[in-house]
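Shared chain: chain A. Partners: chain B in the first complex, chain C in the second.
Let's look at the complex of A and B:
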């Protein structure tokens, strides 16, 4: 491959990551089929931020859209990583859960409606602490209910990543789509360094962070179902593929024995090289991105 | 008083089941036992401290990879065995320091292990099992999402040793650039930020607060009272929906979670518009 061709591809690429939450959500729908629900003009803002000197946002950093993807009914919920780090507050959390519950009710009426959740979030919004945590628990409950009837697809594109409690929501999804730029994990490097020291995790080591949490590694371990470039048409194709694919026979988070057997064989006396870890994990029967 | 001591879980597991050991093949940090509650034969689960755990970052009462995966297995067992019979209650006794913060944990995808446990509890609830969380000590952040927060009904003791929160005080103070004292003062004024279980009760998420004089040394009468409360919570769960709507419909939630209810009603109305 010549470097000339590579740069032409790169120039022609329409970045998905550079879009904001509203544009990302809209981009996933069939042309002209989407409309936003409880948008900024409804002004449902966080009631908890103003008393703490934080300016709220009219959509609380969460965009809900309904429409069609590949000709079928779908709801998309996109978190805006640029507002409070995409954190989950009472309102943004309630929007996500309510949207999934409505999709679930739609399925029960016989209209297959899938959900796509765009997670760019550090987890709970600390200013709303317990209501954020409760919202995540309720969102997880709604994912579990909906995914029996229609696929719930999690897309993490970049650059905030998906961390904290919201990584559990990703773990419950029917399918996970990531870019190389995206990260997915329960505890971010800073938190680990704070809790257990720099020997445990050096949060300034960017190569290490992406080697562990990055999309390529998550896909290689079978923790994500698709790895896409930061290219809007590619992202849209992947989402259309998974909404059309339907509910998987067994969800990843229900395959407990496979996971347990993998854990049992690990040597925990040392840290693992992330590259070598792919081999260790593979020995116990994983196939890349497949279940 | 609000320090994590790591003994309450084991005390209450023993008080309610008469047992104190893990099931064969399980790590020492996860206690599972079947025991009578009223007319039911319930499954009890509890995560306890194991100073010699295989994973170094899960030796102080944290919920790590093995703990989450074991909980998932032991809850799924009940779902499998009870497919066509009376759905047995599942009771999560909760006293967990936090999730395990480690590099090994992240490398092996602890988010999926935690999701697997939540999946098991949530799937049990959806299948009709009454799932009850009994918070006897700490219920922090990702650890509570993993072990307990998918329950139909949440019971908690009303003393200072009980804490349900998204982040422990020291870390929250650091992140919000406040002193612990400032944080506590602010938290007192804003219900969802409070570290006090009585303020947590105002959010409307709890089924009931229970009082035990000294939860680390309960009397026989207190244990009997808690058993009766479990029986009542199980009956209440069986008579209600399998989803978590009760957390929004409670009297306290109607007051404190007005914004959540507003979002739901607006979204529902707009969903139906053409």
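Let's look at the complex of A and C:
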């Protein structure tokens, strides 16, 4: 592709990352089928933030919508990364869990309803620590219940990415969709540097961060199922593909033996770099992880 | 966090709600909905204390043109006066679309 052609594609692209949580959620549905549940005018905000001097947001940074994707019923939960880093508090956590439970109830009644969770989050909201932790545990239980009946798709588009306890929720999803700009990992770069020193992880090295946590590496390692450009139609196509695909035969988080054997054969006496690690896992049958 | 309230005279009925913005750094969320009586009420919660006079100046200017009988709720995360004005105008645009 010539550079001229590339820049035209880039300029004409409809960015998905530039959309806010509400616009992202709406973009995934078939036109005119979505409606928001517990929206900002319902005023279900965090009761804990104002008492600590933090301005709350009326939807607590969590947008829930119901509608149709590729003609089938679906719920979408989108976290707003710009509000408190997309962190999970009592209210946003309860909204997510309730949305997944609603999808579960529909499936039990015979209406196939999948779920899409848009995770832009650093994990638990520190101001609501224990309630946030409990919320993530409940959310994970709800994902496990729903994923037996219908696909739960995690979309991490960026640029916040998905970290902390919410990365575990992403790990339970039936399918994970990422962009190159997105990052996915349990401990974020700054946490690793703080705990193990700058020799272990230099959190100011952006190339290193994306080489390890970035969407391209996660996809190459089989920890994500699709890598898409920051382009709204491409993202929508990927989501429609996975909602239509149905429940996978084996969930990634159920492949305990596969990952155990990979870790057992890993030579930890040497320092691996991201590219060499990618090649090693590719040799070790990474595609099995793709399901 | 500081809470500020203002009241302005209004004489036009508004029928539609509007929600714009995000409580993200340097931005704000505006909830605009039909109010009661011939008055517009504004309720502000801002993360930056001590800027009551600046808020009053921005809203005085906004209500010099706008006459809708509305209830406006603002959740602010340190937006500049320019951004506040733009968000208010955006909310009006959405409510009259």
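Everything that follows uses one rule, which is that the second predicted complex is superposed on the first by the 289 of 291 C-alpha atoms of A that agree within 3 Å, B and C clash if a C-alpha of one lies under 4 Å from a C-alpha of the other, contacts with A are read in each partner's own complex, and residues count from 1 in each chain.
Quick note on the criterion: contacts are C-beta pairs under 8 Å (C-beta built on N, C-alpha and C of every residue); 3 or more make two chains touch, one makes a residue touch a chain.
On a predicted model such as this, the values are computed, not experimentally measured, just so you know.
Participant: Putting chain B and chain C onto chain A via the overlay, clash or fit?
Facilitator: After superposition on chain A, chain B vs chain C: fit, no clash.
Participant: Using the touch definition from the top, say if A:40 reaches chain B (first), chain C (second), both or neither.
Facilitator: So A:40 only meets chain C here.
Participant: With both complexes superposed on chain A, which partner does A:266 reach: first (chain B), second (chain C), both or neither?
Facilitator: first
Participant: Residues of chain A touched by chain B versus by chain C: which partner has the larger set?
Facilitator: Between chain B and chain C, the winner on chain A residue contacts is B.
Participant: When the two structures are overlaid on chain A, which partner does A:170 contact: first (chain B), second (chain C), both, or neither?
Facilitator: First partner only.
Participant: Quick check on the superposed pair: does A:50 touch chain B, chain C, both, or neither? Answer first, second, both or neither.
Facilitator: second
Participant: What is the contact status of A:128 with respect to chain B (first) and chain C (second): first, second, both, or neither?
Facilitator: first
Participant: Name the contact category of A:19: first (chain B only), second (chain C only), both, or neither.
Facilitator: After superposing on A, A:19 lies clear of both chain B and chain C.
Participant: Is A:82 in contact with chain B, with chain C, with both, or with neither (first, second, both, neither)?
Facilitator: A:82 sits against chain C, while chain B stays out of touch.
Participant: With both complexes placed on chain A, how many Å separate the closest C-alpha atoms of chain B and chain C?
Facilitator: Scanning every C-alpha pair, the shortest chain B to chain C distance is 15 Å.
Participant: Using the touch rule from the top, collect the residues of chain A that touch chain B in their complex.
Facilitator: Touch list, chain A to chain B: 37-38, 42, 44, 46-48, 51-52, 64, 66, 90-91, 93-95, 98-99, 101-102, 124, 126-138, 140-142, 144-145, 148, 164-165, 167-172, 184-187, 191-192, 194-196, 200-201, 212-213, 218, 221, 223, 251-257, 259-260, 262-263, 266, 268, 271-272, 274, 277, 281.
Participant: If you look only at chain C, which of its residues touch chain A in the complex?
Facilitator: 1, 17, 19, 22-25, 27, 29, 31, 33, 45-47, 73, 75-77
Participant: Would you pull the chain B residues touching chain A in the complex into a rising list?
Facilitator: 54-57, 65-66, 69-70, 72-73, 76, 98-99, 101-116, 118-120, 122-123, 125-126, 141-142, 144-146, 149-150, 164-167, 171-172, 174-176, 186, 189-194, 200, 203, 205, 243-244, 247, 256-260, 262-264, 266-268, 270-271
Participant: What residues of chain A sit close enough to touch chain C in their complex?
Facilitator: Per the touch definition, chain A meets chain C at residues 20-21, 39-41, 50, 53-58, 61, 80, 82-84.
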